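Both of the next two complexes hold chain A, though its partner changes from chain B to chain C.
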Partner chain A sequence: MKPRILWVEDSARSELSSLVGPIYFSGKYDFNLAEDVTRAVRFVETKQFEVMVIDLRLPPGSDDYWVNLYKQNGSNRAQAHLGLNFISWLVGIDNKAYGRVAPAWVEPERIGVFTVESWSEVGEQIQNLRVKKYVQKTAGHSDTILLELIEELLNGHNGAGNGT
Partner chain B sequence: MNISYDGLATFFIFLIGVPALVIENQKSELRRIVLQPARRRTLFVRAGQWIALTLAIMFVGVATDALHYADCANMLLAPHAICWFFHGVPEDLIWLCVFAALVGISILATIRFLHRYGGYRGILEDLHREIIKPIRDHPENVPYLQPESLEDLVELGRQSDPGQDKQQVLGELFELVRVVCTQPKYRGDSLERLILGLVQVVGADPKVGSSQNFETASKIMEYVLTCERQCAETHRDDDARYAIHVTGRLGQRAARHLKAQIEIVATLNVYLETLDLAADTYPQTQSHVSGALLELGSTALEEGHILAAMGALNKLIVLYENPAEPPQKELTTDTLGLVAHFWDAGETARSYVARRLDEIQVRLTQPLAAELHQAQHHCARTSRFKTADCLGKMIREYSASAVAEAPM
Partner chain C sequence: MPPRAPREQNSSSSVTTAEIDPRAQELLTDIGRVLHANTNLLIMTEHSLNGVVELLGDNAKTATLPDPDDADEQLYALALRLAAAMEHFFQTTDPERRAEALPAAEWELMNEQPARLREIRDAIPIPEMRAPTLRVTAHEIAARYHNIAPGQLAREPVRHVLTEAEALERAAVRLDVLKTLNAIIQMEYTLRSLREYISSGVRQDTPPKRVLVRELVERAIRQLSEYARNSRVEIRWREHDFEDAVLGDERELVRAFSNVLHNAIKYSWRRDRAQAPWVRIVTRAENSHVLVEFENWGVPIERDEIETGQIFHFGYRGRRATDRGRLGTGIGLTDAKRVAEAHGGVLRVDSHPSLGGMRPDDPDYYEHPFLTTVTFELPLTD
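Moving on to the complex of A and B:
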């Protein structure tokens, strides 16, 4: 069975071809893309993923819990940082308020954060969530950056706070 | 008595005219809904309430004015205290109060009518109430959506302009799906009309939806496919099958009609992921999912959305590698069918798919040529002639080119 990959990201619409193309072309992965937190929760409740790459600026989707959380935090993706709440739920740090139990198979080591936020802005929170891999999205990143990140996570290469 | 009949008549005519003005200025699709015989009565009742209130205030004004001039000592009907009270009130003040009340009513009636009939919101609220009436009245039954009003809602969505107008109707359809799916007696077969109606709302000519409309429709399908049924013992997959079929169909429509939009790749991806979720949630529907992936992938390829086509092929191959039990032969046919479309789509596509074919071949139960023939026959029988033609072409060309071309 091919490794299952989940990328939770909503703002790469203009870059999908360049970032996802190499993954489809490789044919090595069962790749899934969720564009909001509600859909991401549905995916992790339905399937078990070897690797999850998560953006921090995410829209809530249709689930009332995430919608309310989003509103409480200013109704602004950059401010709400629902990605952090999602990871927090996934790794079991904060799953009481949501009322759903996070899947037991989730390992923080297999979660990567791929976001525009700099390490100085979110590094401490990411470390608190025990996530080891963080890559900052920058204008000049290569087309294969996502594929490389996935492969690093699969191979267990950690690079905390490297801000690649 | 010094009654301003002209003033009273003006207010009366204005109040009669308010509903007519609001309806006249409505969008045609909304007016059609409001003026249907069943709803026309509601409209008259609502307008009648305001007119009755106006008449009542006018009556009170005239009666009070009459008391002002009455001989209170010889009054038989009104109590003397009331008569003496109004006798002392200046007549101008009485009519000032009456006209102030009439102005207030006119403003309130205008606001209420504009809210109720001026735009989508009020009409959608009315339709919502009508559609879920059977559910509200009989929560002990399997949820059932009132068909006539649902048809009206779908028709309203079909005639609405792409973008925000359609989005409001889709939001209402989403809300109805939520209501039904959370009913204790929902068993997975109450949403057929609504799901099929989505094709009308988003994908039917002449007003095909925007990318946002298509994505919302896909999210409705996703909700249908993943909602937790309360009534697990009588669980059925009818709604799921309709949702898969409609997801494939709408994905095709999006691929054809949103060509110029920059977000088309992402929109098609949303459809692919919905189908992916369906295959995991309902493994027994795998052949429906594979059929939808073939249709969506081949249309995307035809329209030049290569990433979406690659995504569809990727998902088909993953399904093919992890088949549900018992294995369904349609899965092999659909996978080879999409491979054949790639084969027919140019040199690079052919080279790409030749490499992916290696992954497929290891799981085939017969030699590739025999499987391709079988798939071609199956596609011809199920009226997918274009796919059958591509398979035929691949059968003729594969053996020669597989040797000649090295995979990329």
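Moving on to the complex of A and C:
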């Protein structure tokens, strides 16, 4: 069976749409996309993923919990950083408020953060979540950047998390 | 509110210029330059992409973004043709000779591609992601067939695969370029409007003057005509002889109308295959006020976002605003509301399902098209 991948990203239809091509062509992965946090939760509650690549600026979707969290944090993707809240829930740090328990199969080592934020902005929070792999979105990346990130996570190449 | 730098006192608060953080002052000075540089970059990119459009056989002046469903159909048909060409290739070439032409791993990968091309719609359910995926797939296939040394395999089946792969790549690139051009035109307006918004705080006050609403609407339409054409959205407005006027700042009002019209174009869906989507503008007078309505059919605005006024918050983009990858800054409506109020008027927003019988607690309530109307209500002047 092909490794199952979840990409949580709301720009996958627009500026990042070309990153999926190399993954599909390789034929090596069962690729899934969630465009908001509510959908991402639904995915992880119904399927197990070998790798999850998560953006930090995410819309909440329809679930009241995420909508309220989004509103509390200023209703702004950049400020809300719901991706961090989602990872926090996934790795079991913040289960109580949501009232739903994250699946037991989740391993922080198999989570990658792919975001526009710089390491100096979010690095400490990412480290606190025990996530080891972080890549900043920049214009200079090739269209294989997502594929490379997935393969590094699968192969256990834990990048230093220092910005690239 | 945009910062009002050169005045001693901001009219809406007691914060004086001297109290504003010096970094905000720097930003105010530099942001215009930064935005200008970004606009230049967009124009440069637009010109380069127009060259690509012409290279691909279109006229850059008339080429428009095709209807997404039609484009998807066309690409899928080309993907099926490429799949058929590859299957024919495998049926008509000798495996041993193939093994001499390329490494086994490459053929294994190629052998999987026809099925993958046929399954693209199931495997990539989001249509916007299919074109770039097919582009990469076609390019990679062509790259491998180009590596087959002459004389190793029958020329015709190889050429057939190459022809179909290049046709698919070309169509996907064309679509990609037209989409990017559309996004550039959209963002170029957004940047221009943002610059106007920011600089409105530092421009000298101009005394209010009598302006015909008809002229304001005409100017807004003119500003967005290229974006509307490129997006294949028709702007419908009948009251060309509407002679009522308002008192105010013409530049600000044109920007406010343009912001709302820009949104209406951006968030329109096609109603049926026979005709292009349209935006309706209605201008009328009522109880000593002028009403200017911008109506579109498409992306919903959720009820609570209107009721709480969230959609007017600076930088806020509606929960449905990123539908089909639409870009934006979340400033246009904030600005439009501020301008309406500064002219003694109001800005109202209504968004409701275009089909009757829908209930807000239906799980797919917001998946259906909504009729959204943004109305400026401004005091009439003689």
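The rule is simple: the second predicted complex is superposed on the first by the 160 of 164 C-alpha atoms of A that agree within 3 Å, B and C clash if a C-alpha of one lies under 4 Å from a C-alpha of the other, contacts with A are read in each partner's own complex, and residues count from 1 in each chain.
Quick note on the criterion: a contact is a pair of C-beta atoms (placed from the backbone, for glycine too) under 8 Å apart; a residue touches a chain by one contact, two chains touch by 3 or more.
In this text the structure is predicted, and so the values were computed from the model without any measurement.
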### Message
Looking at the superposed three-chain arrangement on chain A, would you call chain B and chain C a clash or a fit?
### Response
clash
### Query
Should A:Ala34 be classified as contacting the first partner (chain B), the second (chain C), both, or neither?
first
### Which of chain B and chain C A:Lys96 touches, first, second, both or neither
neither
### Task
Would you sort A:Pro59 into first (chain B), second (chain C), both or neither based on which partner it touches?
second
### Query
A:Thr46 contacts which: chain B (first), chain C (second), both, neither?
first
### Which of chain B and chain C A:Pro22 touches, first, second, both or neither
second
### Task
Could you tell me if A:Lys2 is touching chain B, chain C, both of them or neither one (first, second, both, neither)?
first
### Task
From the options 163-171, 235-243 or 325-333, pick the one stretch of chain B whose C-alpha atoms clash with chain C.
163-171
### Message
Residues of chain A that sit at the chain B interface in one complex and at the chain C interface in the other, please.
### Response
13-14, 17, 20-21, 24-25, 27, 31, 33, 35
## Note on the structure
Note: in the complex, chain C contacts chain A through residues 109, 112-113, 116, 123-124, 126, 128-129, 131-137, 140, 176, 183, 310, 313, 315-317, 319, 322, 324-327
### Query
Tell me, which parts of chain A touch chain B in their complex?
1-2, 13-14, 16-17, 20-21, 24-25, 27, 30-35, 39, 42-43, 46-47, 61-62
### Query
Hey, which residues of chain B end up touching chain A in the complex?
174, 219, 222-223, 226, 262-263, 265-266, 269-270, 273, 276-277, 280-281, 306-307, 310-311, 313-314, 317-318, 321-322, 352, 355-356, 359
## Note on the structure
The residues of chain A that touch chain C in their complex are 10-15, 17-18, 20-22, 24-25, 27, 31, 33, 35, 59-60, 71, 75-77, 143
